[in-house]
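Some structures are shown below for you to check.
Both complexes shown next keep chain A, but they swap its partner, so chain B is in the first and chain C is in the second.
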Partner chain A sequence: MLKCTINGKPVEVKPGTSIIQAFKQLGEEIAHYCWHPALSVAGVCRLCMVEIEGNPRLQIACNTTVAEGMVVTNQSEKVKDAVKWGMDFHLINHPLDCPICDQAGECGLQDQYMKFGKYDPEMAEKKVNKRKVVDLGERVVLDSERCILCSRCVRFTEEITKTNELGIFNRGDRSEIGTFEGKPLDNNYSVNTVDICPVGALTSKDFRFKQRVWFLKDKASICNGCSTGCNVEVDYNKEGIWRLRPRYNEQVNGYWMCDVGRDVYKNVNRVHTDVEGERGEKQVKKSISRLVQAVHRLNGQSEYMQTGFAVSKVRETLSQYKKGDVALVVTGQQTSEEYEALLSYFTKSFAADDVFHWQNNPEAWGEFDGLLLRGDRNPNTKGLIKAFEKHKVKSTAWTQDLGKYKLVLLVAPENLAAYPNIREKADLLKNNKTVVVLTTSQIPEFANLPDETWQIPMKSFMEKAGTFVNFSGLEQKFAPVTTIVDAAVSADEFVAALNGQALEQVQKIYTNPTERVENQFIFQRGSL
Partner chain B sequence: MAEVKMLTEHYADNNFQTIEGYQSKKGYEMLKKALNMQPTEIISLVKESGLRGRGGAGFPTGMKWSFLPNNGEDRYLLCNADEGEPCTFKDRMMMERAPHQLIEGMIISAFAVQSKKSYIYIRGEYTHAIKVVEKAIKEAYKAGFLGKDILGSHFSHDMDVYSGAGAYICGEETGMISSLEGLKGQPKLKPPFPAVKGYLGKPTIVNNVETLASVIYILRDGVEAYRKFGTQKSPGTKLFSVSGDVMKPGNYEVPLGYKMKDLIEIECGGLKPGRKLKAVIPGGTSAPVLTEEEANRATLDYECLADMKSMLGSGSIVVIDDSRCMVDLLGVITHFYHHESCGQCTPCREGTGWLNKVVNAIKAGRGSQQDIDTLCKIADNMKGRTICALSDAAALPVLSFVPKFRSEFEYYIREGKSQVRGISYAEMHH
Partner chain C sequence: MSTYKVHIPEVKKTWYLPAIFTGLGFTFKKMIQNLANKKQMPTLNYPEEKYEYSPRFKGNHVLTVKKDGKIRCTACMLCATACPAQCITIHASEDKDPSVEKYPISYEIDILRCVFCGFCEEACPVDAIRMGPEWQTPGHNGDNFVYDIKKLAYRHNLNEGKGVQSVVDDSDRHKII
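Let's look at the complex of A and B:
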């Protein structure tokens, strides 16, 4: 370990640590744009200037390694003046269009200006004009004038995805980020470039123009898009969920998450649209809504009712059946707590052999893209298998017609994008008399089953607490973010009600309904 | 003491370009001598000779060579012939007139640093020089001075020419390495320095054309004879490219320490009749300008010019007489650096453009007295804040032109026209 002094505070660091890392380790503030802990050192923004005792020239903290006994400061007047000027150089050609910029509120330029700038601009000349609204790819838009050419995005595509779509073209103050002809930025990690962009140059097509960030709250959660279980930050407000951002976890996802995972919040909002089709000629393929009320459908007649009433009716029906009459179908999309509740209830009342595991393309489960995304698009397959083992349930993949059962209790998947074979699975249920479906979304295939169907609105993963066990067996607990559907129950609340408790007493609502507004905008704005 | 023709002795001989002509003047004799020496012996000779890099920075060559790590890795020798500093044209003449001199110097240097491969990175605009050097390399291969087992010494060396594409920044050694690697010509962060991690990540030595050619004469004459020319800290002779308002502009080889006044008045035939000296840029446009008084007492060596807060640079002397407007000249210089900044580091990328815009505003009659301070403040904050020295190169002319000729700037801003020419820039170009 090396001893050094930073801003008068002693600190011990590992050999090879750069000065900027030592600053971070100590929690000292230091201005920087181009440096990112997961990327190589570029040393181009020239903001992380520090004064090292005995060295007349200011040095950049990112490319200087700590030496034993080094005395470093960024509090001297010399450094402050250099940083102030560094800010000025960044801003002279920046359009300063904060009022219409999506980055406003979380912008590196704004933050550093408030911390280190606060000067009157001296630039009186005409600014350099560059391209605006450059379509870089499926999910990312570039505004070249806002860009400060820190090269983080370029280094990201070079070093992390190794796809090299981005480059800096031209030179001097005519430099611009860009893509090559016919080679858009469309790798599965493209939105990370938006996250690491310190300014409003790169914006996400999904999020831009939708919310001002200061109207959003954020809470930690776990992505349910695949078995990796990336740690995410959920940005939400009373209208619903707006975006997911990766949350640093060295063990799981580092600083990144994939674009597939970015979309999982859409399953949580009340109405969302699934857009498919070629870029430029987008068409809305289907819109999916959350199931907001319990539905009982008998002989083609639908009856809407309160969840508590529906559950008590289901309870009555179930009480008539004995072992062998009832089947339970589950997916890898629920929390470990829900599996525990479901399986202990079911194995007590019915036969353990009648539990079926609904698997979505299990042949692809071993796949891995080398970075984060895994072929098993369920967040908790490992948790389900663990629960099966605990309750001595033979894990049977659901492939046969369940016509022999009098009642099928089906816990439908939450992330429908990962379940393309719903139609054929619904066919396996067409000979059943009664089907009880716990589902987050309205699934038309299950709503039109022949005989009697109960649809119970289920909570999405952001509306309940729980645990996901990821591909490597790592248990990750998460807390609820907000409540979107008041009537929804989690599977364990449902089971508690089946066991005779009053639903009102077991159902947890995390956000008071009066704090929420009906979200009309999500549908209207759709996907821009 | 006047012109000393050491490097340029036979440059007038057209035959000197060919291998026969070069050998008839004892060419490649020193290569034979060198191959019989120990590589470390040559390095010590160069060290003792005090030879300093002729490209601009004036770094001691022998010391640079000794920075190479002894880790058994492949090493590269790169010849920097991307002569981009405005008003410099010595390397061009050397390559066109005496390509074999460069090649011999390079083989000797490569042997000294034990490099098996070298490249000559020639400025793209020098199409003729590229042809001449390429032809000379072929001749050298044919004669057995390049290739495997050179002259039975077990030392093998390959040499190639690489043409630049017209970017000033590729004359910066790490920018040149990036360009040579096929990347965008942008300087790399230092440390690590090229001697440790350079071309393709291997230890690399980058030397100027003149530096490499000088090695031959250190070997030929010995350290003492070489040191007879020049000063204690700046030994040897150097080529100076003199341009501007003199009667006989051109390349002149004089010993270092030579009086600038003599070079202008004796070798270059003085100024045009009736004109008076106003200023001299001593080392390419990036070197701070000298006033008449400073120019008259300046000697052409690294230390004297450093004392005057300027630099010898690449040795290109721009003589400016009293018919020139300093505001216009600064406009030309700031335009150049704005055009050539690679755009990597923010202070340089934004600052070079800003400087140019302010000078242009003054020239267009839109200037304000505050602009003078603004120019100095911008330049001050570009200096020493970037990866390479281009930012300094852009800042130093401003920091010398403006304070030293402040009255001309003030006049231009106040009157909207040049003090010297009496008309505005717009009128001149009408």
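Let's look at the complex of A and C:
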């Protein structure tokens, strides 16, 4: 271990650590754009200048390794002056379109301009005009004028995804980021470049212009898109969920997450409409709506009712049946706590052999794309198998017609994108008298079954606390983010109500007192 | 429980008629004065006669337009952020023109919530919202008080039914006065 002093504070670091890592280790602030902990060192932004005692010139902290007894500071006037002039060079060609820019509010350039900026620019020449609103690929839009050429995105495609779509073209102040002819940025990790972009040059098509970031609050959660279980930050406000960003976890996902996982919030919002098409001529592609009320459907007539009433009716119906009459169908999309509740109730009241495991694509479960995305698109298949073993349930893959059962209790999947074969599965329920479906989204296939159907609105993974066991057996607990549908119940609350408790008492409605404040910014005025 | 002792002054038993006649005399004097010199009368016959405020009066909001008639607003939502009454709702969308990029597809002001502080006008970086001179805006029901983008950008009821639009172009805006 090497001993050094940073801003007057002693710190011990491993040999080979760069000065900027030592700053981060100590929690000291240091200005930087191009350095990213997961990427190689480029040393192009020249903003992480530090003064090293005994060294006549300033050095960049990202490309200088710590030596024994080094005394480093970035608080001196010399450093501040250097950063100020560095900022001025970055802003020579940077347009003043923060009002339109989606990055405003979480922009490195804005933050550091407020801290170090030279508010009177020296540059009298006209700014170089570059391409605006360049379509880079399926999910990313580039604005070349805003780019400060930190090359983070280029290094990301080079080192992390190894697809090399992006490059820097031209020379001098005309250089800009771009893709090659006919090779768009369409890998499955493309939106990570938006996250690491320190300015608003790369923006996500999905989030673009939807919200200003200061209207959003974030909360930690786990992605339910596949069995990797990436740690995510959920950005939401009282209107719903707006986007997911990766949260650093060394054991699971590092700094990244995949584009497939970024779409899982669409199943959580009350109504989500996907649009497709060129600028200004967009058309609705598909729309997902949450089930917001319990529905009872008998002889083609639908009746909407309170969840508590529906659950009590289901309980009455279930009490008429004995072992062998009822089947339970579960997917790998629920939390371990819910499996525990469901299976302990079911094995006690009915036969353990009548539990079916609805598998979406078991032949692809072993697949892995080498970075994060796994073929098993269920977040908790391991947890389900564990629960099966604990309750001595012989798990049967659901492939046969369930006509021999009088009632089927079906816990439908949340992430509908991972279940393309819902139509076929609905056909397997055609001969059943009564089907009880616990579902988050409105699934028309299950709503139109021939006989009696109960649909109970279920909480999505962002509305309940629980545990997901990922592919490697790592248990990850998560807390609720917000409440989207008030009438929804989780499967364990549903089971508690079936066991005779009043639903109003067991249903946990999560509310965050600060959520009532729509516009937090105005209460923090002056802290900018 | 605590009790309060209230001090009630003793009312003097005096004649009240002299005071009444003094008051009536003052009123009568003013009436004669006003009839003799109508121009100096401070009151107005309100619905027929209207008071003219200064052109800088901060009344109902106006969204300004560019010379080509497009709205100036870029939907940056700084007005909605600055608004202490939270009465501004904006939904942004992408414009076909890459030099415009972002524009509001809906801009609503709940005028009954508005406190006319003028922060929106102050926060706007592109001079897209201004407080206009209009101040008499009665309505029959609550619906009329959520002003939409059409009403804010184009006052059809003003100028004897011809409508008023306030045009601010970049060239005018950056002119040094």
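Here are a few things to note about the model shown:
As a convention for this text, the second predicted complex is superposed on the first by the 498 of 528 C-alpha atoms of A that agree within 3 Å, B and C clash if a C-alpha of one lies under 4 Å from a C-alpha of the other, contacts with A are read in each partner's own complex, and residues count from 1 in each chain.
Here is the rule we use: a residue touches a chain if its C-beta (ideal position, glycine included) is under 8 Å from a C-beta of that chain, and two chains touch if they have at least 3 such contacts.
Source: prediction; values computed, not measured.
In the superposition on chain A, contact is made by A:99 with chain C only, not with chain B. Of the two partner chains, neither chain B nor chain C is touched by A:1. In the superposition on chain A, contact of A:208 is made with chain C only, not with chain B. In the superposed pair of complexes, A:133 makes contact with chain C only, with no contact to chain B. The larger set of touched chain A residues comes from B, when the choice is between chain B and chain C. Across the superposed pair, chain B and chain C touch chain A at no common residue. Residues 167, 169, 184, 189, 191, 338-347, 349-354, 357-358, 361, 374, 377, 381, 384-387 of chain B are the ones touching chain A in the complex. Residues 97-100, 104, 132-133, 208-210, 212, 214-215, 279-281, 518-519, 521-522 of chain A are the ones that touch chain C when the two sit in their complex. For chain A in complex with chain B, the residues that touch the partner chain are 41-47, 49, 57-58, 63, 81-82, 85-86, 88-90, 92-93, 122-126, 128, 148-149, 167-168, 170-175.
On the chain C side of its complex with chain A, the touching residues are 74-78, 80-84, 86, 92-96, 98-99, 101-102, 125-126.
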